[in-house]
Structures are given as structure tokens and as C-alpha cells.
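Chain nomenclature is as follows: A, B, C and D, assigned in order of appearance, with residue numbering initiated at 1 for each chain independently.
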């Protein structure tokens, strides 16, 4: 089980690395916003797997909930900025 | 844990930090800073500092991004040089 | 931030989401001494929920629920709760914020009194942080001039 | 000989088909009449309920339902069931429900909430199946070397009526890989589709019909709807 989760975490890290390309080089701000919200969902899963490693899943779920909510609010704020200012 | 995940996350953090200071667009810089604090939160959690990770996630990733964007409303998005 | 169009999707989703975010923030505040989190983090999340309502529903909707004057009032109330509990401990012949002395008036054992005292302080901190976060965002985004004043000036 | 038999058989088949069609049309007409009858009666009943203490009663109901939902959410989060934490939960949900009771249930069409929840749960597996199918299609598009995509923006008028069903349809479209809802402009959906197949899937309107069925806004009559309506009709009589 542990090895399986470690492999999954490594795969997710690889995916984050791929998405990070869009964040760094992506033309324009729209690519970056979409890529960052994708990174948010992936790191959330990694966080919960860390919680399994530490045997404290209930604590890490609290953090990941906050994470998801504030990711959403940040994206909405950025979209509103783009709508009003261009 | 056998695999040093903190090394991998550290690479992500450094990439984000460099991208945040080199990018021209201010809104992009703000969003990359949000990703930076996501990775910082992941790093704190990986070290076992749950409370610090919680503070990082709520303050820096959440309200920090929103306040930066609100401040961006009062200025222009592109840098001059 | 003034909304232009009528975004039905964003408006409806945030309308459904805001009560749950607020309840979650209160949960973080109230369980600060068992799980991660506490007054500061919970207050930030509570302020973020208000900000979400502000940027999606506009100034008028938020002003009806939580105006700027109430925010100022709440920040002072939060500081009052915090320092009041501290001074109460001082009056009960303990140190400042020495919660265990509260058992004399709460009629419980000192360990439980300490937990209750921490809970009170967390609530105070949460109120203050929520009000200050909201009012910082409000001041930055409106430039310190509320839309009502602008209408009157015009 | 064989030719006459064949002609006769064809005639018979045609007559049977015609009969069936006539019966179906009759059934549909009855169903339409029934629906309009029940809708009229339902509206009358709602009007009678609302004419009295309209504002106060509905907001109190909203408050109670919001409070119960929030308290269930609190119990899910907290996981501590001693009296102290439960009383904290009651106080917190009370405060939040007092602040936000007009947020959670604004502009909801009047309908039986139990039926809506039941139908929504029945809708979910179909939607998950659609997501899986579209996922494979998008993976094929992305991995094939020629990239046979033909992205386009399409607009269609919807027949749904309330906010919440619009948002459900929009989110269902966005959740399906390859299609994204860009905007809703007064009941007109603006959707970006990645390829012809995905756009065609959307244009058949099956998803819209199913969501109309979930939120009981059926102008198209399903058999299930007729049965439901008949039951409601019997109850009213």
C-alpha cells in the first residue's frame, strides 16, 4: 500500500511538473490561471496522501478543504479583474 | 518516507520564485505567487508542521492573492520597461 | 470591484457556497484547540467568504448584510473580547491571559477552564481578523469612498 | 401469389403502425392535458398558500431548511458528538443561517424537494458515463498525431426556466471533457466544443431533457413524467 501511494505521489509530482511549464512559459495570463487551478487540484491530492503517511488524515483534510475553497476564490477574483480591466 | 519529496517540492518552489520575479505581467506574477505559496504549504505539511501549513494556505494563497489583485486594480498591469 | 455583466453561473455557485464557507470558518475557529487552525485562520476564511460575496454580488448586497461600520464595530469587539478575558484573569489574581484562574467564576476545574478561555480568545481574534481583512479589501477596492457617498456627491 | 401475400403483409404492417401511432398521439394528448391540468391546479394551490403569510412563511421555511443542512454539515466536519460541541454547532449554524437564509434558496422553483433529490441521484450515473466516454474521445483526439480537432463556438436557446437548472446544465457541460460553457446570456448558452462529435452529442439535447426532468420543468413528456403527474393528480383529487 505504501509503495503504491509513493508511486502515485511521484506520478502526480510529474504531472505538476508538466503543468508548471504552462505556468512559467505559457503565453498570456489565461493559460497561467488555468494551469494554476490545475496545480491546485493536484497538490490537494498530494497533501492528503502525505496525511496518510503521517496517520493524521483528518487534519490534512482540513487543510485541503481550505486550499480548494481559496483556490476557487482566487480564480474568481482574477477573472473578475480581467473582466473589468481587460 | 524513502523518497525525498521535500527535494522535489523545493525544485517546484524555486522554479515558481524565479518565474514570479522574471515575468513581465503583474497579474501573472500574482498568480504565480499563489502557486508558490501552494508549494510552500505542501512543504510545511511534508515536514509535519500542520499548523504552519494551514496558515500558509489560508493567508498567503487565499487572502494574499485577493488583496494583491485588489491593489492591482489601482495601478496598471504591464511594467513600463 | 464593480460587476458589469450578469454572470448567472458564478453568482449562483457563490450564493450556494458562501454559507458553507462561513460555517467551515466557524468550525476552524471553534476547533482551534483540537485540530490545526484557530482564530486567525478562521477569521481569514470568514473574511474571504465576505470578499467572495462582494466580488460576485456587488456592493449593495454586502452592504445590506455587513456594512463597513459594522466591520469597524466588529474589529473593536474582537479586541475587546481578547483583552477583556486577559484583564479578567488579571482581576482574578493571575497573570495576563492566565486562563486557569477563570475556574473561580466558571465553576469548572482549571484544565477545562483553560480550554474555555482559549476558545474565548480564539473567538475574539477571529472576529477582529475577519472585520479587519474585510475592511482592508473594502478600502483598497473602493478607494476609501463608498459608492453611496459618490452618488450623493454627484 | 407471393406478391399479393407480400402486399397484404405490408398493408397489415402499415395499418398496425398507423394504429400504434394514433394511440401514441392520443396518449400524448391526454398526458399534455393532464400536465396542464395539474400545473394549473398546482399553481392555484401555491397561490393559495402564498397569498396568506407569503414573505414571512417562506423565509422562515428557508431558515429552518438552511439551519438543518448547515447543522448536518457541521456534524460531518466535527465528528465530536458530546453536548458541548453539539451546542457550539447549533449556535454557529444558527448565526450563519440567520445571515444567509436568503442566499441558499433564492429563486428556486417550487417543487417537491424529495423528488428532485431522488431524480438528481438517478441522473448522476448517466452523467458519469458521459464523462468517461467523452474523456476517451478527448484522449484519442489529443494522442492521435494528426490532431483531428475542429473547435467551434455554438449557441443554443435552452428551454429550462430557473437559475438553478441553468447552472446545473452549464456545469454538466463544463464537467464533460471537451466542452465548456462560456456564458449564459438570457437563456442562450454559449458553448465551446472541441470537435464535431462532442458538438453533435450536445445538439441532440439529451442532457438538457434529463435536467429538465430532474427539476420538473418538462415540456417534453417522458413516460416517467406522465406517471409522476398521474400520481400527483390523484393526490389532488
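Some notes on this structure:
Methods note: a contact is a pair of C-beta atoms (placed from the backbone, for glycine too) under 8 Å apart; a residue touches a chain by one contact, two chains touch by 3 or more.
Keep in mind that this is a model prediction, so the values were computed, not measured.
Per-pair tallies of C-beta contacts place A-B first.
Centre to centre, using the average C-alpha position, chain A and chain D are separated by 31 Å.
Spacing of chain A relative to chain C, judged by their CA centroids, is 27 angstrom. Put simply, the C-alpha centre of chain A and that of chain B have 11 angstrom between them. The centroid of the Cα atoms in chain B and the matching centroid in chain D are 40 Å apart. In chain C, the residues that reach two or more other chains under the touch definition are 1, 24, 36-37, 41, 45, 48, 51.
Within chain D, contacts with two or more other chains are made by no residue at all. In chain A, the residues that reach two or more other chains under the touch definition are 58-59, 62-63, 66, 69-70, 73, 77, 81, 84.
Contacts between chains form some other arrangement here, matching none of path, ring, star or all-to-all.
The residues of chain A lying in touch with chain C in their complex are 58-59, 62-63, 65-66, 69-70, 72-73, 76-77, 79-81, 83-84.
Taken together, the chain C residues at the contact with chain D in this complex read 7-9, 12-13, 15-16, 18-20, 22-24, 26-27, 30-31, 34, 65-66.
Contacts from chain C toward chain A in the complex involve residues 1-5, 10, 14, 17, 21, 24, 28, 35-37, 41, 45, 48, 51-52, 55-56.
Partner chain C is touched in their complex by these residues of chain B: 50-51, 53-55, 58-59, 62-63, 66-67, 70-71, 73-74.
Contact residues on chain B toward chain A in their complex (touch as defined above): 1-3, 5, 8, 12, 15-16, 19, 25, 27-28, 30-32, 34-35, 38-39, 41-42, 45-46, 48, 50, 53-54, 57-58, 61-63, 65-66, 69-70, 72-73, 77.
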